[in-house]
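Data first, discussion second: the structure below is written as structure tokens.
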Amino acid sequence: GADTTDVATGRVFAPPSVRTAAREAGVDPASVSGSGPGGRITAADLRAAIDARARSTDDDGR
Amino acid sequence: MQATIIEAINDALHEEMASDDRTVVFGEDVAESGGVFRATEGLLEEFGEDRVLDTPLSEIAIVGAAIGLAAHGYRPVAEIQFSGFLPPAFDQLVTNASRIRWRTRGEITAPMTVRTPYGAGVRALEHHSESLEAAYGHIPGLKVAIPSTPADAKGMLTSAIRDPDPVLFMEPKHVYRSFREEVPEGEHTTPLGEAAVRREGRDVTVIAWGAMMHNTLEALAELPDVDAEVIDLRSISPLDRETVVESVRKTGRCVVVHEAAKSGGFAGELIATINDEALAYLEAPVRRVTGFDTPVPLLSMEDYYIPHPPRIEEAIAETVEY
Amino acid sequence: MNEQSRPESPGSTDADVAAVSERDVDVATHRVVDADGSVVDPEAVPDLADDRFLDLYRWMVLQRTFDERATKLQRRGLLGTYASGQGQEASIIGSAFALTDDDWIFPYGREAGALLMHGLSMRDLLLYWRGVEDASRMEGANVFGFAISIGSHIPVATGKAWGQKLDGSDAVSFVNLGDGATSTGAFHEGINFAGVLGVPAVFFTQNNQYAISMPFEEQTAADTVAQKAIAYGMDGIRVDGNDVLAVYNAVATARERALAGDPVLVEAVTYRRAAHTTSDDPTRYREDEEVEEWERRDPVERYRSFLADRGLLEAVDEEAIREEVSELFDEAVAAADAYPERDVAELFRYVHAEPTPELERQLEEFRDLLDR
Amino acid sequence: MNEQSRPESPGSTDADVAAVSERDVDVATHRVVDADGSVVDPEAVPDLADDRFLDLYRWMVLQRTFDERATKLQRRGLLGTYASGQGQEASIIGSAFALTDDDWIFPYGREAGALLMHGLSMRDLLLYWRGVEDASRMEGANVFGFAISIGSHIPVATGKAWGQKLDGSDAVSFVNLGDGATSTGAFHEGINFAGVLGVPAVFFTQNNQYAISMPFEEQTAADTVAQKAIAYGMDGIRVDGNDVLAVYNAVATARERALAGDPVLVEAVTYRRAAHTTSDDPTRYREDEEVEEWERRDPVERYRSFLADRGLLEAVDEEAIREEVSELFDEAVAAADAYPERDVAELFRYVHAEPTPELERQLEEFRDLLDR
Amino acid sequence: MQATIIEAINDALHEEMASDDRTVVFGEDVAESGGVFRATEGLLEEFGEDRVLDTPLSEIAIVGAAIGLAAHGYRPVAEIQFSGFLPPAFDQLVTNASRIRWRTRGEITAPMTVRTPYGAGVRALEHHSESLEAAYGHIPGLKVAIPSTPADAKGMLTSAIRDPDPVLFMEPKHVYRSFREEVPEGEHTTPLGEAAVRREGRDVTVIAWGAMMHNTLEALAELPDVDAEVIDLRSISPLDRETVVESVRKTGRCVVVHEAAKSGGFAGELIATINDEALAYLEAPVRRVTGFDTPVPLLSMEDYYIPHPPRIEEAIAETVEY
């Protein structure tokens, strides 16, 4: 499987649905670290990133 | 009534011959002997030799004459004994049948049906097992329909015969007799160009047609935890993009199963369609489970070639887990 | 089996094994008017009124004039590739004159006069050669589309004739084809099936001696096209294709037999004097002498001699006919020029009886782009 | 042109237009031994040594025995669909006996004895009918694959014969085909081209009266296959296909002419006594009486009469031949049974000379799955 | 030397005829008249009538005889005058050419080339303008090659003739003479089965072949700000998936351009390949710019049909901006 090979340098590796969700959430997928096979960003990774951002904006807001 | 696919086809032919006397059935061995698969059994006796004819061994002439006869106002239903013997008539499909309406701006049309058993699994000789629906489906103006159930076989064949344009009707011979199912008596039509959702589900969309529908269902039986949506494509052309797209938007995952070789196979068009209109919903690559990029082997290796349930099962499982 | 029982090789025999071959077959060529213009067989002159004899002439001149004008129009860039019937006027006109408007004509390209005779408008014929799809409606005429893919129409015509037979109609399918077409699988399958079905079809081969650059002698090892009928248990008629009356006789005869259930293969022996099409340069593959030789056998001239013999020549004003045709041609060009440009939607229509959603989408997207 | 100048319809003529037709052709059927077993023409008996006459007989019995055994094997589920040559032994064996091992044979299915005669092993023949691809190597024999797609091999054989001609070799391409195959476009194009090229090809039609259920009379309106040669400017030889010596003569003659640059179409008139294949039920489309009629014309019996006439019958021990063949058959079955199962990799080999990365990937993935 | 595509093809034929006397060229009008497009000009004069032959009007026989001649050890290069007249010989490709090696386990092979001009744009008659590469590319065992430049035309044709297996060589006739380019003199081969990256770039991958390469480059000339990577696919079968995948993984965006009808066209296989191996890199759906799902029209509407540069331009711009 190609998905197990290395991510091309500088490219984000995420299924279209995750990309879409990131776009909708205003998250730059490049800032999310992937935990899936080959470094793929999973839906969970994105959710975590969104949560983290929410937490940090909360922090900032406080 | 309960009927197999082949019985349903025979029933549809009887019904249409009776309901429209412009319907003419011909092909190699269809009259006197009732067809090598018995699809046309009893027609000669019932409708006579003007309307049920054995032809010379001439695929070009069978398809070509069907075009002319249709253009003249009849409703020819030609049989090509095995789809492996349709390639000699490829030119008649490309050059004449598919474009006669277009070329003449609707003045001359070809409301004809070419029936042909296709696919592997019946331990036949070379060239008896091919699936070239992707090549035929690429010809603008030619409809390509493939039933997978007895009821659809009857309904879709009836619609094909009544269709104002040429329809290539590919019959999954491997499952001609493998099961019986309730088939409506009397007139029964099923619209062409519409896929059927055989089973609703949320985890993954599985698309198949013809005999592969059954291998797919077998595979799913081994995956009780997977809530699959199963689409019986039924129509290669025109393609029911809407049903496919809607389903994949819902499930985000998809597996396409076909018997034909992978490269250039019809899964490509389906994946392109998903790419066009459901890409953003995809949670995993669409998996293809197909025949290999080899000729269909003779019977000793035939089972290797056909996408068997374990291959399908693995692809579904991996797609769901992706 | 042991090695010894295998045959000594090769087998040989002194037996006199009889064979059948074309040498056993005498293929006569039907002729009414000789190459020098004299009537060969007065009995064979068709029993037509004088007017009709003159009409035949008019149509031949029309064919020739149309071909000339169309070729010129193409040279001026006002027509697409054009295929002329020059030299084949007797074949084209003589055959068409034996048909009725109810018959179906399957043309393959050079039969301008035949189609105009049976109801097609000159405008539409020009539009066809301008690549306007509408022309293929063949409005007003029982004409199938031009069989540009050589031979491909033959089995279709068999099917059409089958329909005519089932209907019990008294019309035939009249199939034009060239000598090149006789080598196609479609020819073989279509004609064999017609023979089996006994349908009212006439397969009319204009053997103009060439398929583009390929001379008939190399197209097949058979000496004639007509003898190929034997392969189908059919009658084959060979006729001098530069003798319009002979062609008329041959096709009238074939048509009658076809209606009686015996399809016929007719070979009209003629010559393509023009280039294959306006994109061809025949000097690459044939000698001027040959062309000149056939110029001397000109079908129009020959028929003039016949008319003269018959005392009908005074009634002919060739210049007037040419002028009349030219006027019609000018009008047709004007009408073709005035033909409204087709909307892009035309491209997407008629693929099926009902447009598919996909086709509608493609049209819509394309229109959007064009509108920008 | 004005309405008036259009033709009165339809054209008609009193002229007597000559036609050529099969009625003009006398197609003789070459015969050496009559249906009742007596020699028709002593001159025509091939000049073979007594041993050779006996060998011919052995091969005919082999063909018959092989067909019987193979059919039984199929019934027991130990063979795929099988196509028997029963009734056609004289055609199959008589023709093969006139060929050399250097000739190339294009079979279409029923020619077991011919292939075995020219070097194929019985094991491989059985493996073929078991659907084992390796058998199509046709090891030890100049045999092209079986032409399962009817007629498709004919143009290929023309190409092969073209190569033989270019090489200046003294071998021919020997093409087996059935009466059904004569209706295909491939037959027409392949044979016409062979005629034009003048290649060393013999087109050997076993007219066994049926194409599955379609009787020859409805396959074409032509009375014979041999006359179709006329369409190609070729010699056509018609021979009694149940007369092994006549077939031998015909093919030996055809072979010589073909080598001299004149390909020949041979028609052996015979009968398929068995079902079309083991999946066919011929009682659906033909009468027992007809089959019985042809049983009376049995080629093996007829040849026995000849041998008896010739004083050679004592030298024949039919039982012994049958037993010998049966033993060979048993051994071949055992060898076929012992043939190792093909690894899945075989499916992916030989698609191209070099496997593509895609094919390697497909094999690898599939192997992974199978290994699980 | 500077040469057009047609000159380069003619040059390759001359070279191969000279270097291997098993090479035989035949087809309709190829000898005496030098071919309707002049591809075979001068061959008859130089190599004689045993090796350069005009054939009857018999596409089945041309392809069929090529198979037999190749099987016998020759190197036939057959011409089908226009690809619209290849369908009559489809059966010979499917049934014999493509599988002869496979069927006989390598004992008999068919090292043959079928050359055929394809595609629209030359104002020709009906059937003269089709592009059916997707159908041919779906036949296992048949290679399908399409050059777009003079140098490739020469190199790939030489490789095709030398290839141990059958190659269908489709020539983009629309650009036969539209430009000259440096072409290596003497022996020159270009491997089959390899795409060429015509231009490197990071914004988007544009894949095209044949005449569409040129329309693509025209379109890109209008988009100076787009840093496009341009792939000339060159080989439909075998498909160079690696080059495609690598590029799309880099750019994340892709446009496929072909002249053939959209549905069932070869873009489907490319999109499926991208789906298989580069889906997770996609920033936008892959766009197809193709012929429409109609017959190729006669000349008055031909320009509508062919993907013209503005259509391509729009698709690229939208993909980059997606």
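The first chain written gets the first letter, and so on, giving A, B, C, D and E; residue counts start at 1 in each chain.
In this section, a contact is a pair of C-beta atoms (placed from the backbone, for glycine too) under 8 Å apart; a residue touches a chain by one contact, two chains touch by 3 or more.
Predicted model, so just to flag it, every value in this text is computed and none were measured.
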Among the other chains, which touch chain A and chain E together? B
For chain B and chain E, chains touching each: A, C, D
Computing the C-alpha centre of each chain, which chain sits at the greatest distance from chain B? A
Distance from chain C to chain A - Cα centre to Cα centre, in angstrom: 70
Averaging over Cα atoms per chain, report the distance between chain A and chain B in Å. 43
With chain centres defined as C-alpha means, what is the inter-centre distance between chain B and chain C in Å? 39
With chain centres taken as the means of their Cα atoms, state the distance from chain A to chain D in Å. 69
Set of chain C residues in contact with two or more other chains: 133, 145, 149, 152, 183-186, 189, 192-193, 196, 218-220, 351, 356, 358
Mind pulling the chain E residues that touch 2 or more other chains? 55-56, 58-61, 84, 88, 91, 95, 102-103, 126-127, 140-141, 238-239, 263, 276-277, 279-280, 282, 292-295
For chain A, residues contacting two or more additional chains: 3, 15-16, 19
Interchain contacts (touch definition) - all pairs: A-B, A-E, B-C, B-D, B-E, C-D, C-E, D-E
Across the complex, what residues on chain D touch chain B? 80-81, 130-133, 145-146, 148-152, 180-181, 183-186, 211-214, 218-220, 279-280, 284-285, 341-342, 344, 346-348, 351, 356, 358-359, 362-363, 366, 369
Complex interface listing, chain C residues touching chain D: 1, 4-22, 24-28, 30, 32, 41, 43-47, 51-52, 55, 58-59, 62, 96-103, 116-118, 183-189, 192-193, 195-196, 198, 218-223, 226-239, 248-253, 255-256, 264, 324-325, 328
Within the complex, which stretch of chain D touches chain E? 133-134, 136-139, 144-145, 149, 152-164, 166-167, 173, 185-186, 189-190, 192-193, 196, 349-353, 356-358
Given the complex, residues on chain A that touch chain B span 3, 15-20, 43
Chain A-facing residues of chain E, complex: 245-246, 249-250, 252, 276-283
